[in-house]
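Following this line, the structures themselves.
Common to both upcoming complexes is chain A, partnered first by chain B, then by chain C.
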Partner chain A sequence: MSHAINNLLTAMADDALIQGHRNSEWTGLGPVMEEDIAFSSMAQDKIGHAWALYRILQEDLGGSDPDHFAFLRNEKDYRCCHLAEQPNGEYDFSLLRHFLFDHAEAVRYGRLEQSTFAPLQPLARKLKGEIKYHLLHANAWVSQLCRAGDESYARMQAALNRCFPLALGLFEPQEGEEELMAAGVYPGEKALQAEWLDRIYNILSPAGLNLPGVEAVTPAYGGRRGYHTEYLQPLLDEMGAVFRTDPEAIW
Partner chain B sequence: MENNQSLDPRVNRLQLSISGDPVVVRDGENWNVFEVFHQEKRGAHHEHVGCVHAPNAQLALVFAKEQFGRRKKCVNLWVVRSADILAFNTEDEDMFANNLEKTYRDASGFKVMEKINRYKKSGKE
Partner chain C sequence: MVNREQIYKALEQVMDPEIPVLNVLDLGMITTVEPAADAVLVKMIPTFAACPAVEIIRRNIVTVLEKELHVPVTVEIDRVAHWSSNRMTPEAREKLLNFGIAPPQVHNGEAYSEILLQTPCPHCHSRNTYLRSPFGSTLCRAIHFCKDCGQVFEHFKPLE
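And now, the complex of A and B:
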């Protein structure tokens, strides 16, 4: 059982860390100052979520030091999904990814408030307000940009088409998932995905965007088993560069 | 038509005419300035803390939250379009010029602290 919980928490934490790092690459380059600050601040939040989960791995499941675990693993030991690994590209892609990612977080943490794995309950409650703001931000932008003329609308639809199969990778089946479902740790990836699809449909549809059918696309699976895109290794090299100069330093 | 040379994307997106025709700014094309008011605790006054640029009031509130609501204690924020605020012209400042002479209007002229202290003291006894 602890092996399965380990898998789940590592996947969640790695998603948050890698997505947070990607979003932080916008710092100083955001489209306008106000958005730059908001997006950077939310990137920090995500890295905070990752840290909190690495702490649970350390304190409750005998894992290693969060900093070492976050920065010194080999690429194949990360469990993040391919969505988070993608380079930022243009702002439409980054925003749509942020929208899909954060709705998935909202669904997941919403369910973890009732988890039988005790440390997840207070964490889920603590992050609720932060995630609520992330959704407010993402929903406002998606609705606004879909009403901002032909080019803007076309870019949002194209970004959605590109992000959607990648985002399904957020719900790649986890090893030992059935065990966790039986024990009431969480309801399983399939149930989370169904809830997520409902939620995003309710925002995307009024904005006039067409959500591709799940059956019509190939989900980008592999991340949960350590198979990653070519983009992860360069990200890890850069993210851990300073840490690796002196892993024992106290910051 | 040529784009203007400003580095500000809100400005250089505008198609400015060389002939000097008035520029028509469509809704959402150029962002508005919104004034932000911060409330520190429930029931307290909202205090002006600065401004944000935003395409509409909803996004102004989204921006204001990270701009002004992420450090010190905050329970709510207001945003209002700066253009919706009615103010006096600066040259009308003379309307207020003689205020300093009219000290009889200062509430500080009323000596009530003695009474208040006496009341407080009587409550304790």
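And now, the complex of A and C:
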């Protein structure tokens, strides 16, 4: 079972790391100062969450040093979803991605509080509380920008249409998932996705946005098996550039 | 042998690098203090998971305690205990307010969006305020605006 837990935690951690890196790319470029600070803070949170998960991999599952694991793997050994890999693009895309991503994390950590894998319980509880601030930010912007005139509304709907199939990749079936479900480690991707769809519908619908049907789109799968978009390798090159100059340096 | 009282006394001198008026006890970061014959063990929990000051605080605890108590000190991160802003002492809230940062509201499971409304302004105490951003200059702070005194102010966010 440790192999399956390893897969699950690596996927969760890699999602947080890559999404955190994308958030950090708004530092210095945010449209207003508060937004610059918000994405920078969320970057710091996400990368901290990734680190905490890599640390569980190291201490409880015999994994390697979190920094080495985060920065020195080959592209195909990462397990992040395609949603997080996408470049930031316009602000509408970044916000909608952040909205879909953080609701997915909230659902996941909410369920992991009851995980039978003990090290996850305290961490899930902690992260869930912090992610609530990310949701507060995302929900406020999604609701307001959908009511801010025709162009703004059209951009939000277009961003949702683009993000939605990518976001379904957050719930790509995991190798060894049934084993984890049977052992009570977590309820499985299908159950998480259903809960997530309910949650986001309840916010998107009052904002007037049409959530595409799950059956009508092709989910962007592949990330959990190491198949990535063309955007991941350049991101990894940049993210690890300083670390690779001297992997043994103490910061 | 070193006693608990001496350890707590020494811990009062270890301040948070980001909010220098608060010590680690004020913040509720210390979960265990264990004096032994020739050593001291302290366990601590970070406030936010990604708090960059944790390692500095850990080192500061070792340095200050070893200097005051003259015994080897070990500081461990407590992996089980949960930090919530309700762990902050009433004295800590008072100190924060005097420092110009609105203290976290004591929370009881309410949604953050509710708690954060009308956070009292630390400058003029008005409740005629609004949340400008749930993020601020450090991970633990939000930014509000006071419509009465016209000033932006910071708020130590409540955290479950």
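Odds and ends about this structure:
As a convention for this text, the second predicted complex is superposed on the first by the 251 of 251 C-alpha atoms of A that agree within 3 Å, B and C clash if a C-alpha of one lies under 4 Å from a C-alpha of the other, contacts with A are read in each partner's own complex, and residues count from 1 in each chain.
Everything that follows uses one rule, which is that a contact is a pair of C-beta atoms (placed from the backbone, for glycine too) under 8 Å apart; a residue touches a chain by one contact, two chains touch by 3 or more.
Bear in mind the structure is a predicted one, so any value in this text is a computation, not a measurement.
With the C-alpha superposition on chain A as described, chain C and chain B clash in the combined arrangement.
In the overlay built on the shared chain, the residue A:234 is in contact with neither chain B nor chain C.
Once the two complexes are overlaid on the shared chain, A:38 sits against chain B and chain C alike.
Annotation for chain A, partner touching more residues between chain B and chain C: C.
After overlaying the two complexes on the shared chain, residue contacts for A:173 are found with neither chain B nor chain C. Looking at the shared chain after the overlay, A:125 reaches chain C, while chain B stays out of its contact range. When the shared chain is aligned, chain C comes close enough to touch A:49, but chain B does not.
Once the two complexes are overlaid on the shared chain, A:141 sits against chain B while remaining clear of chain C. Taken together, the two complexes place residues 34-35, 37-38, 41-42, 133, 136-137 of chain A in contact with chain B and also with chain C.
Within the complex formed with chain A, the chain C residues making contact are 48-52, 79-84, 111-113, 116, 132-137, 139, 142-143, 157, 159-160.
Every residue of chain A that touches chain C in the complex is listed here, in rising order: 34-35, 37-38, 40-42, 44-49, 51-52, 119, 122-123, 125-130, 132-133, 136-137, 139. Across the complex, chain A meets chain B through its residues 31-35, 37-38, 41-42, 133, 136-137, 140-141, 144, 147-148.
Within the complex formed with chain A, the chain B residues making contact are 9-10, 28, 31, 52-56, 58-59, 62-63, 65-67, 70.
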